[in-house]
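Sharing a structure, written as structure tokens. Questions coming.
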Amino acid sequence: MRAPDTAPRARVGDVLLSVEDVSLSFGGVKAISGVSFDIRQGEIRAIIGPNGAGKTSMLNVINGFYHPQQGRITFKGRTRAKMRPYEAAYGGIARTFQNVALFRGMSALDNIMAGRTLKMNVNFFWQLLRYGPAMREEVEHRRVVEEIIDFLKIQEIRRTPVGRLPYGLQKRVELGRALAMQPELLLLDEPMAGMNLEEKEDMSRFILDVNEYYGTTIALIEHDMGVVMDLSDRVVVLDHGIKIADGTPDEVKRDQAVIDAYLGVAH
Amino acid sequence: MFYREAGQFKTSYASDQAIFPILQDRIGIAVILVAAFSLPLYANDFILNAVMIPFLIFALASIGLNLLTGYTGQLSLGTGAFMGVGAYACYKLTSIWPDVNIIVWVICSGFFAAGVGAIFGLPSLRIKGFYLAIATLAAQFFLEWCFIRIAWLYNYNISGAIEVPQRTVLGVIVTGPRATSETRYIVVLAIVVAMTWIASNLMHGRIGRTWMAVRDMDIAAELMGIRLLPTKLMAFAVSSFYCGVAGALMVFLWYGGAEPAVFNINQSFTILFMIIIGGLGSLLGAYLGAALIYILPIVLRFVPEWLGIPIHAATVEHITFMIVGVLIVFFLIVEPAGLARLWSIGKQKLRVWPFPY
Amino acid sequence: MDILYSIFIDPFVQMAQAPDLFVQTLWDGLVGGMLYALIALGFVLIFKASGVFNFAQGIMVVFAALTLVGLHDAGVPAFLALLITIAVMFALAFTVERVVLRPLVNQPDIILFMATFGITYFLIGFGEYVFGGDPKVMPVEDFGLEKGAYNIKMLGGLVSLQKLDIVAVIVASAMVAGLGVFFSKTRIGRALRAVADSHSAALSVGISLEQIWVIVWFAAGLVALVTGIFWGARSDVSFALEVIALKALPVLILGGFTSIPGAIAGGLIIGVGEKLAEFYWGPLVGGGTDAWFAYVIALVFLLFRPQGLFGEKIIERI
Amino acid sequence: KAQAADDIYVPLFTYRTGPYANSGIPIANGMHDYLTMLNERDGGIGGVKLNVEECETGYDTKKGVECWESVKSKNPTVVNPFSTGITLQLIPKASVDKIPILSMAYGLSAAAVGKDFPWVFNPPATYWDGLSMIIKYIGEKEGGLAKLKGKTIGYIFLDAGYGREPIPLLEQLAKDYGFNVKLYPVAGKEMQDQSSQWLSVRRDRPNWMVMWGWGAMNPTAVKRASENGYPMDHFIGVWWSGSDDDARGGGKAAKGYLALNFSGLGSNYPAIQDIKKYVVDKGKSQVEKDKFADTFYNRGVYNTVLVAEAIRNAQKLTGKKVVVGEDVRRGLETLHITEARWKELGFPGFAGPLTGISCADHSGHQGAYMQQWDGDKWVKVSNLIEPMKDKVEPLLQDAAKEYVDKATGWPKRTEACDKAM
Amino acid sequence: MSVAENIAPAASTDTILTVNNVEVIYDHVILVLKGVSLAVPKGGIVALLGANGAGKTTTLKAISNLLHAERGDVTKGSIIFDGAEVQDMSPNDLVRRGCIQVMEGRHCFGHLTIEENLLTGAFTRRDGKAAIRRDMEMVYDYFPRLRERKGSMAGYTSGGEQQMCAVGRAMMAKPKMILLDEPSMGLAPQVVEEIFEIVKDLNAKEGVSFLLAEQNTNMALKYATYGYILENGRVVMDGAAKSLAENADVKEFYLGVSEGRRKSFREGKHYRRRKRWLA
């Protein structure tokens, strides 16, 4: 990963992922009903909606953790009814989680290194010796990881077990872990919850950088309207599992249904 | 003051990723190794036979279980049985091909244990936590039953037990009653050290990270492309490999023979307790735990004799039980994360010494 | 072919030919199952209330029974001995809470599990120190329980029901039902489940862990006492009784760690299942299958229901 | 505590703790008290004090091996492992460390073959001897061994090496005499329950039941048998299934239960009275008053009588006062206790003569008698039953040969043979 | 407004909570709070602000005596709630005396239903079923979403629902004082307002005092009467909410307003800004 330079921003391209008519329910609870939308290459796509609207569930459907009862997902031209989580990961989908899901017993560095697992393939026997190819591979990936660490400015906490980090830094490490997978599509579930303004600004900057300089497509769930409106290209709004609006931030902001269901007073 | 990394800068990632990045640690390890290998020069038979050899073997088994339970988070109560698989495999191998170097067979027996372990690891995909314990318990009791029932395993010996034949390596007797305790100790030590080193390699690399990832948050791991079943099965296999080798060592270089009861559930529990008290997910912890649970009672048993207090052997035993129980609780309260953690906090304190924090 | 016959047909032929033995097997399985359930119940209580897997339950059974018999042998009248034993169990619960559990609040389950192992060690040493290791006979008659059996003629044979077994089944059922109601219908019951979910959250809403733990450990102590009386009557009261706790594991796991009805269902399935298997299929492999059969039954059930029959769903959500 | 060079060191491996303690405690008391009595009454043996020290094994192999390691440097005279498992571990070590093992009527049967196992002794009889005695007894009750034809004998046993050992002989005898055998294994963990096994007994209705049980298995089996209405006088245990505690739990219902025994019952022997006088009454024993001179207590006494005799022999053979393992091995090999000698020792009629031991035969294959529970105590109900030596001997020889063949490098006997005394 | 000098605020009769120069160490080695002092007046709403890792959560846990469960220790200083030393009380005594904490990060009881979760909140109450029922209705009225999901296991509800559940549960205890740790985290904007309205409501109607640890400075200062700003385990600034909101630094770093207008998140730059008071 290069350090951010002044390269022009990668522009929005073709549809990368499309979700068609997806429905998901748990027993009696309908988490998602017949939602369709798409995400284009290179864009920042926000998903918003009141609590329990089905946003997180939607991300879970996209990367294969939940299997919808109905609907299709097309990712990079391939359509399927459901994915397996590791297929999604192999395909280039990475994510962060609403309730931080770091590997609590490991250091920040190891967490991010774990994100590189997919890209590592030296066989078991070299691993036993930790020598030759195994060591070379380790060092090579370590270099990439160190770049991410620099990028996210978390050098000092490299060796700290993540369980002890304050919430905001945990979120940052989690972003690092997702970035380490060098994904094409990055799903962020409330990356800025529990951060103060300064940290939100930093985080926004990271997201923009990732998007601009690496061309990573981003799906973003966030409750801070300021952030959503400033960062995203397009916004989907869910309510009670139904899509109630889809469009540019400005359109969405003025949509009466959205104001009623979600925003309350106009922002 | 004396324990600092200050001034020790790392100039390459490779050296930063070394297992003991701090010079003092490296010196410490070297000293311990030298001391360990030269122990036969000044220790008596009792220390070697009844203390050090068992301690090392338990440490190895604890490392094995720690790989599975401490690093991968899969609770296993089948350690005893997996050790048994190793022991019986080694026994069969060396009775079928007596001319092959026994150390080769000791290592090979690990593969049998690994295979059996992986089979009993299959349910781990669906079953978790204490529930998984049942799968391993089934392994424990079923295998124990096999050790009793399948006479082929113990070469149809009337006693139902296995007796270790005499084997030599490079002309030195290493197994059987005539092997000296020094030889056996050195062989065990070498194997245990080598396997600890390998375990440490594994844990510091990709495999260790995937295991810990599965332990800490299996869903997130899966969403990052770590496939759970192969990862868990590999952990079961590697762990059982270690236990199997430990079992073979136990019978061949310590007991000199064994009946199935040696591999019973208590053995499994003992080793589980070693890793918990030593520290889950720590290789050092495996050693510390083995020391606390195995060596401490031995030492306690000698205390009244040293002090010249005339009390009955049985009473000593009762009191030892009580003291060990109390100490376990005490250590847990002082540091639930295990002795290894206590050690690292100690180091942390040394680092900031003379300041309190 | 022969082998298929002896696996799939012969056992059923036997069942049909000697229905009295079949009934007897079922009854024995039932009794065994209830007794397993009783041990499992002790585990469930504590697990439910604190997420602690209490390794010491087995030794608590021994300890309770030994205290009872020890007092009785020392000449204390039976019912007074019973009362004193109950008081001892309370003292034990209280001490355990004070000395072990309280300092270990909010630690991972496995640590608490380990702590109960420390308790086990202590109780073994202490128990043997006080009571000695030799076996004692449970004076069931002095507790108003009768020995002997009812022999019922039926199905062309004789089915014998031990009076003690009948009492055991009744007492065990009553105990299980009572505790079940207490823990599911009361405020305390809810608090227990909350504690099992998260110690720290429970603390933050003002649930007194101390109190709850004393209550459940005391309840578990009582269950241990009852278990000790019945198992002691079946065998002898000695430290060997401790191993029966192992039999409770598959029951517990099959039923689901947290469920009182689960303990019963698990106990019955395993009790009956293993007796039938050993009786009708055991001879095929030389018998002794009851050493592991229970675990295999439990494993098979778990493959279909990973949280046990009645266990709480394992929450997987991110 | 420094080892005084002028006493004779007799370590006792005992288990007063653990799941088998119920059998271990009386034995430990018996052994300890007899030797203590010798110290108190006679000032030891041959004027030399005995240094009696217990090492607690808990019936656990690990601790047994540890005990061995801890005693071996202190010039022990003889080790009584008191656990088949521990004995098996120690047998190979005995010849290396030059410490004889006395496994009295337990351990490895094949060890009776002295030329292969010069350091191991298992008097007065092996398990195979015991089984053959039981079959003989059954035959007698049925009216002759020939009458066994077509009968069924059930064998309930602890599913471990100990319980499985008699099976080959049992099957052999079944073939020879035409009876059927039904096996009922009991796993260690199932000792307290046994309901499946006894249910099967109800189905199979064997004419006789034979038991090889240990620890808590015994009382439970006795209870289950009586509950299931099995005729108790057709239920016979080996000598390790015949302690007072084993039958006591069954109470009146256990009346009629039979077991082999080779040591005397009760306290009616001068030497036992001496133990009471010199040891128990002086508070030097751990035995509970009502368990004094129990079956297994006396068994422990029997064991140490052999030890004491071996030490005496060793002193005579070597002319030394303070003897060590190597000397006592010779003493054991020349063990010879006639009826008269028993009397001299203060044990008139306590046990059958022990005269068969020689360099070739380390067991002696002595007879044992049958005892029966009368509801309160054991009573002797038969004379000495001699084992079927002809059936047992070939099996022993085979087993010893097999053991030696499999254990590559097993040492040849180098020890010289002393004349019997 | 003054730069705090770690002097204990004078305990007076109208303060419900006084924290006096408290120092906290985790794991015997990690020093987290380096002498924090603050006070909450009876019936006041006090905001505790500060960046990630400043020690807000730790302060709250020290107050409610939950640190013990995390292997943390208060090594210096004292905390007085309602006239009694907190260190001598167990957490449940504290709840009984009317001080309850809503923990950060949605600590619901996963295996209990939403309704059962709320009921456990009333564990210490002794005023009868009817009153509890009534309060539960009140919670449901505040959070209609909870009513919809009342029968589902809390572990399966969405993040925001769990947050509401945790806040609702604390309300069920009828406390005198609530320690709220990041109540707004993960809630939809409308619900955030709702929560603060509830705070105001309870404060006004029932006289409940609040200590709010919050990242949403904007909201917090709008509703609070007094504020403390924590940095690196020290109080670096405190003052009336109004005056804090006026402060230039607070404006820039916590409110995101500079040169009189709100900055867009796109404008953020990568450089470590220096806070004037840390100089």
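Letters are used for the chains, namely A, B, C, D and E, taken in the order the chains are written, and counting of residues starts over at 1 for each.
As a convention for this text, a residue touches a chain if its C-beta (ideal position, glycine included) is under 8 Å from a C-beta of that chain, and two chains touch if they have at least 3 such contacts.
Computed from a predicted structure; not experimentally measured.
Identification of common neighbours of subunit A and subunit C yields B, E. Counting steps between touching chains, the shortest path from subunit B to subunit C takes 1. Look at the CA centroids: the one farthest from the centroid of subunit C belongs to A. Of the two chain pairs considered here, A-E and B-E, the higher C-beta contact count falls to A-E.
The distance from the centre of subunit A to the centre of subunit D, with each centre set as the mean of the Cα atoms, comes to 74 Å.
Between the CA-based centres of subunit C and subunit E the separation comes to 45 Å, rounded to the whole angstrom.
Distance between chain centres (mean CA atoms), subunit C to subunit D: 36 Å.
Shared interface positions of subunit C, i.e. residues touching 2 or more other chains, are given as 124, 128, 133, 246, 286, 288, 291, 318.
Among the residues of subunit E, those in touch with two or more other chains are 30, 156.
Within subunit A, contacts with two or more other chains are made by residues 56, 65, 97-99, 101. Looking at the complex, you find that subunit E touches subunit B at residues 25, 27-31, 71. Contacts from subunit B toward subunit A in the complex involve residues 12-14, 16-17, 198, 201-202, 204-207, 209-210, 212-213, 215-217, 219-227, 281. For subunit E in complex with subunit C, the touching residues are 64, 66, 68-70, 90-92, 94-96, 100-103, 107-112, 116-117, 119-121, 123-124, 153, 155-156, 169-170, 173.
For subunit A in complex with subunit E, the touching residues are 26, 29, 49-53, 56, 98-99, 164-169, 190, 193-202, 204-205, 208, 223-227, 230-231, 262-265, 267.
Subunit C meets subunit E in the complex at residues 105-106, 187, 190-191, 193-194, 196-210, 312-313, 315, 317.
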